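Look for chain A in each of the two complexes below; its partner is chain B in the first and chain C in the second.
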Partner chain A sequence: MVFRLHLRANAAFAAAGPLLVVVLLYVFAEEVGGGPDGYWVAGTAKAVSALMFIAPVVAACAAWEAGRLRRAGVAGGAPVRGGFRIAMASLSPVLALGLLALLVSLVGVRVGMAAAPGWPEPTILAAAVVTLCGWLAVGYALGVWLPPAASVPLALVGGYLWQVYPPALEPLWLRHLTQPARGCCTSADAVAAGGLSGPALAAVALAGTAVAAAALSRRAPRRGAPGGARSVLVTAVALLVASATGVAAVRAVSGLGPDAVAARSADELVCADAGAATRVCVWPEHERRLDETVEVVRTAVAGLAPVGIAPPALVTELPHQAAQYEPAAGGEDGAVTGGAVTDGAATDDSASGGTPPSTGSPDQWTITVRAATSFTTDDIRAGLAADLAGALLDGGSRTPAADCPADPADAADQGFQAANHLFAWLAVRAGTEPQEARDRFDPQLWTAVGAALDGDDAAQAAWFRATLDRAGCAPR
Partner chain B sequence: MSVEFESCTHRYRRGPLVLDRLSFAFPAGRTVLLGPNGAGKSTVLALAASALRPSAGSVRFGALDPAVRSQLRSYRRDVGWLPQQVTAVPGMTCREQVAYAGWLKGMARGEAWTGAVPALDRVGLAKKADQQASSLSGGQLRRVGVAQTLVHAARLVLMDEPTAGLDPAQRTAFRRTVERLSEVADVIVSTHQTEDLWEVYDHVVVLAGGTVRFLGTVDAFRALAPPGAAAGREAEAAYAAVLGDGEE
Partner chain C sequence: MTWWSRTRRLPLLAACLVACWLLVVPFADASLPVPQLGGATAADVPLLLFAPLLPVVALIVCCGGAPAHEATTVRRVGARDAALAAALPAATAVVVGVAVLAGFGAGDGSGGSPLWSVVRNLGAYTGLALLARAEFGHHAATLLPTLTALTVAVFGYGPEQRAHWWAWPAAEPADPLAWAGSAALLTLGLARTVSRDRPAPR
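Moving on to the complex of A and B:
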């Protein structure tokens, strides 16, 4: 509408400032679940989580606008325009405010991301817009039925409670009816389809109920007379749609857990070779650090091969459970297809120069990369060492040392101490400067590790195998 | 061309019959609709405005029948409607309120915005165009209501008790408004006030018990006053004569 009245006198005009401030405060303050780390799916999900503030305000503004139409007696004024046009003329600025708030939230999230290749996830945004429209309809219906003194606070408080209370309730899937992509996502996750269709369908169900209620009300502006055949037809269709979408919404989310996530497709990984037999793969939002990661891996492989830890076929950000790597002949064009890590002998020891036999080292290493520059190369290396230590300790073929203490507590203590030694030693062998490692680890722990590092490769390989066995004393 | 009622019956939900097979046509020009409380005046005007749909029978304005969906838009555009309660739309200025009414009646936005000022000028409120409608007096607000019916160039304007609650000065101003309005449209006004019938209106319709008791010119109505009616009270006397004893 070009009428100034639809902007200047609209409730959205008054609500815009406070709402946008709240959204900005939320976007920049809310750190639950960590930052999106350049991953747009996570970033979009975080941005639309501001719906917990936006939706109630939109509903309250819609209720106020419906109240204005009601007080102005538009319904009894025999309008030529249809009810939908009249409602939308008043509600379009409100909807625009909701969309603007979503945009501000999205921009705020983008500002907080170091790098963000690609675009916001359109499916999440679409579900958020549908949810917003649902609340617009609910607010309008409340405003048609109740005086503003009741409808506005009811829309505001009720809308907020609807957004924030279900996550505290069982069953867990209940929360996914209220907001798209709730709990989404870490880098390894994609948004679950039910986490998008569920809340969108629930919003359509709410909107259908609201339309039915408005069609029944004698106070709703309309072209035809209330109670006419058309009103009855609209009510019946709206209730039918509300029932069908309500049932479909519950079915869509009933299989979800606390977070609306699914495994992220390995096809998205961006890969490069780090030597003849090793391929390094990171998520596209970390592609800018791929060369740096490859260098870290190359250094680690070169440092670990002489002590019997074979170069892996794959170093990837994809978690173990989901990864499967099938190296092509020559190891040049391997493809990540999703699957499980292998735990066997080294595949290719060309980089090690035929040094000690490998120790059941994993064929896949997991690596952690972050887009933020505050996450340094040392952090990547430390993450690699930690993940590798974990994989080695979890290796199924390992047998505990024969001299494990009989007392379980002592055995556990010895096992954990050995695991810490192993972690520190792996970090240094993987390329961490000894001084940096000394600063990172407990001085007492460092005494044993420093002594081991002073030995030659063969001695270190023997120390490594013995420490690994000692770590096996810890209960599993 | 005017509004015709044909075997028109109306009953509100769970209520008694308000109109029972009413058939008559309002004459063209300025017509006053008189009748006691509960006579069905507001119902007749709301039906004529198509704000209500008759339980049975039909209402027409010329060739337009509001019950025919394709004719409803044209019907409502041609018929302006000033209900008993004129309310200021919260937050709107007079010009905005009039423009909004024009838009509701199907005018294009720009056309309604441009037409609002001449409409306000016609009711003597051009100077208050940018003032909040909620700050106006009751009489001024009714004139805004009249401007709302003028902005979309209605050919027939229906006003339900527009002078109720107005002081004598405001009633005089309103009379001038009706006179000016009648230059561009037929006007039907329901009222309880009979003192200024002769100056303002051409025709009189008296409604009681859901039936038309009188329909004719103001002169014919005046002639119904019994001989010896007090000077200046002829209309009251004629009205009482039409209704008969005990009706009012």
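Moving on to the complex of A and C:
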């Protein structure tokens, strides 16, 4: 008998248009987190988060198709093909719809990325496909057991709530059972292994339960009589697999926090020298802006060294806690490798040549770069100043000013005001045009900072140290 | 009548309706945080948006068991089916009234008890399901109310988590437009059900 697949009769055909529209609306919605900023791991995670719409629709279509097989009485006849082949003939267009929707989601995310070196993360995509297959099986089992009027709504609403509701539940790891790479990633993060294996194993557990349920149903198409030894064997094996993978899934995610992320490897950083002793490292998706960043750092170092802030050994996008840097012996490009960073250590090398002594300035500065052109050079510079201000204020060796107000509220007020002064002053010294800084900051704040900036380097260094001490009045 | 009640599986329908009441009366204020594409960043979608789907699905499933030869019977069953459908929101209204008097679902006091939303939404979903059954057959009948609930959950909330004017199931419990729209849907659905098995005019 010739076997033909009538695609137009499949539920996936009718569901394709609305699903793809919703997926595109979701991907381009401004509310969906920040942009992945050229980082494919984040981009792939954002694309697969559309599973919250794709998986329920796939399950509902599978349930509808199973309902059609039910109504056709295929199980009541004497099929010459096995149950799996009969099911897959109906479900393969549904699976194709799910994969197409994932692809559209991925393309939509790529369109929203300014530059994206590399390729989508295959492990995240693999976990998403396994999740889809799990929901396909669940939908089929629902359709085998229930009439379409019940199975389709149950698959739609149940599948949707399964995807979106766990983030509101405790324990936190529960959410990672339902969607791959949930909460992944900022530029500094990589996806945690448990965030991929957990949902994939949970999907296998769902699929195992669904296969067992379908095998037990008298309405499921199969070769041979229902309830035979083969059905019992299939059910037993499926339940065994479901139990094992369910336990493994929980074990895989139980150590995760709210986001399935791990520290991104420093080996990925792309570096260049910004002067004799300073090296600048950015993530590869920001490599296009490395020269611009180096110039910002060079300007900042030149402006800050005369007032006692020593040039750092490293300026990097890697968050401070994760930094593992060993200054390179030379060369144009290098990689951040092993060795510890001397956080907060006083480096007085720049004290020569009449410059004031250094003030416990950090040996590593952090910097923020974005691939989008809307993130300007001034934004990079402002980020550098803000991060440096934070690092200086958090320096462990700093002592508060002796004349801090006794009242804690007044002390905090004075400390925060000094911190704001410090940030504005650092921004100008790092290269921000005074006029622009004047426009950006509060006029009252600028009165004090502008007066300080009128002094010579020695006076500014003294003002800087005094302001830093005053900032210490605020509780930390 | 006996045949009609047997084919409508009334005990199962009653069990689902009671299950819905048991779900919504104690948990009238429960909500589910759901991502939004309609203007809000995220919204706490009330349980009362989804819960009324249960009796509506049960109604369609239970009424779908009638054999095909029912169309040739002497007594018309359309009016009875419509009465059965109308009984769902009517009975729920009585239960909600008693529950509100007993102190359940007090809400924030701004626009009546949120429990009344169940009655309104059940009416709207029932009407939609009956209309869809008349148009697309009983297998696809529940798709329309389900998609309505999901559409409202995903797109129905604007800035400050306020429901859009068209998102009747998510509207405030005392919203007149939502009540009027839901009542109109129910009336249309009941009318189609009553006239379903009338002989065509010659």
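Here, the second predicted complex is superposed on the first by the 444 of 476 C-alpha atoms of A that agree within 3 Å, B and C clash if a C-alpha of one lies under 4 Å from a C-alpha of the other, contacts with A are read in each partner's own complex, and residues count from 1 in each chain.
The rule is simple: a residue touches a chain if its C-beta (ideal position, glycine included) is under 8 Å from a C-beta of that chain, and two chains touch if they have at least 3 such contacts.
Just so you know, these numbers come straight off a predicted model, no measurement behind them.
Because the two structures share chain A, they can be overlaid on it, and in that overlay chain B and chain C fit beside each other without clashing. Vectors from the Cα centre of chain A to those of chain B and chain C enclose 50° in the overlay, to the nearest 10.
In the superposition on chain A, contact is made by A:152 with chain C only, not with chain B.
In the overlay built on the shared chain, the residue A:26 is in contact with chain C alone; chain B does not reach it. When the two complexes are overlaid on their common chain A, residue A:160 makes contact with chain C while staying clear of chain B. Looking at the shared chain after the overlay, A:52 reaches chain C, while chain B stays out of its contact range.
By the touch criterion defined above, A:72 reaches chain B but does not reach chain C.
In the superposed model, A:438 lies in contact with neither chain B nor chain C. Between chain B and chain C the least C-alpha distance in the superposed model amounts to 11 Å. Residues 71 of chain A contact both chain B in one complex and chain C in the other. Remark: chain A residues 22, 25-26, 29, 31-32, 52, 67, 71, 146-150, 152-154, 156-157, 160-161, 164-165, 167-168 touch chain C in the complex. The touching residues of chain C, counted against chain A in their complex, run 32-37, 40-42, 50, 53, 57-58, 60-61, 64, 138-143, 145-147, 149-150, 153-154. Across the interface of their complex, chain B is touched by residues 1-5, 8-10, 68, 71-74, 76-81, 86, 89, 223-225, 228 of chain A. Touching chain A in their complex are the following residues of chain B: 46, 49-53, 69, 72-73, 76-77, 79, 81, 83, 85, 87-93, 96-97, 99-101, 103-106, 109-110, 113.
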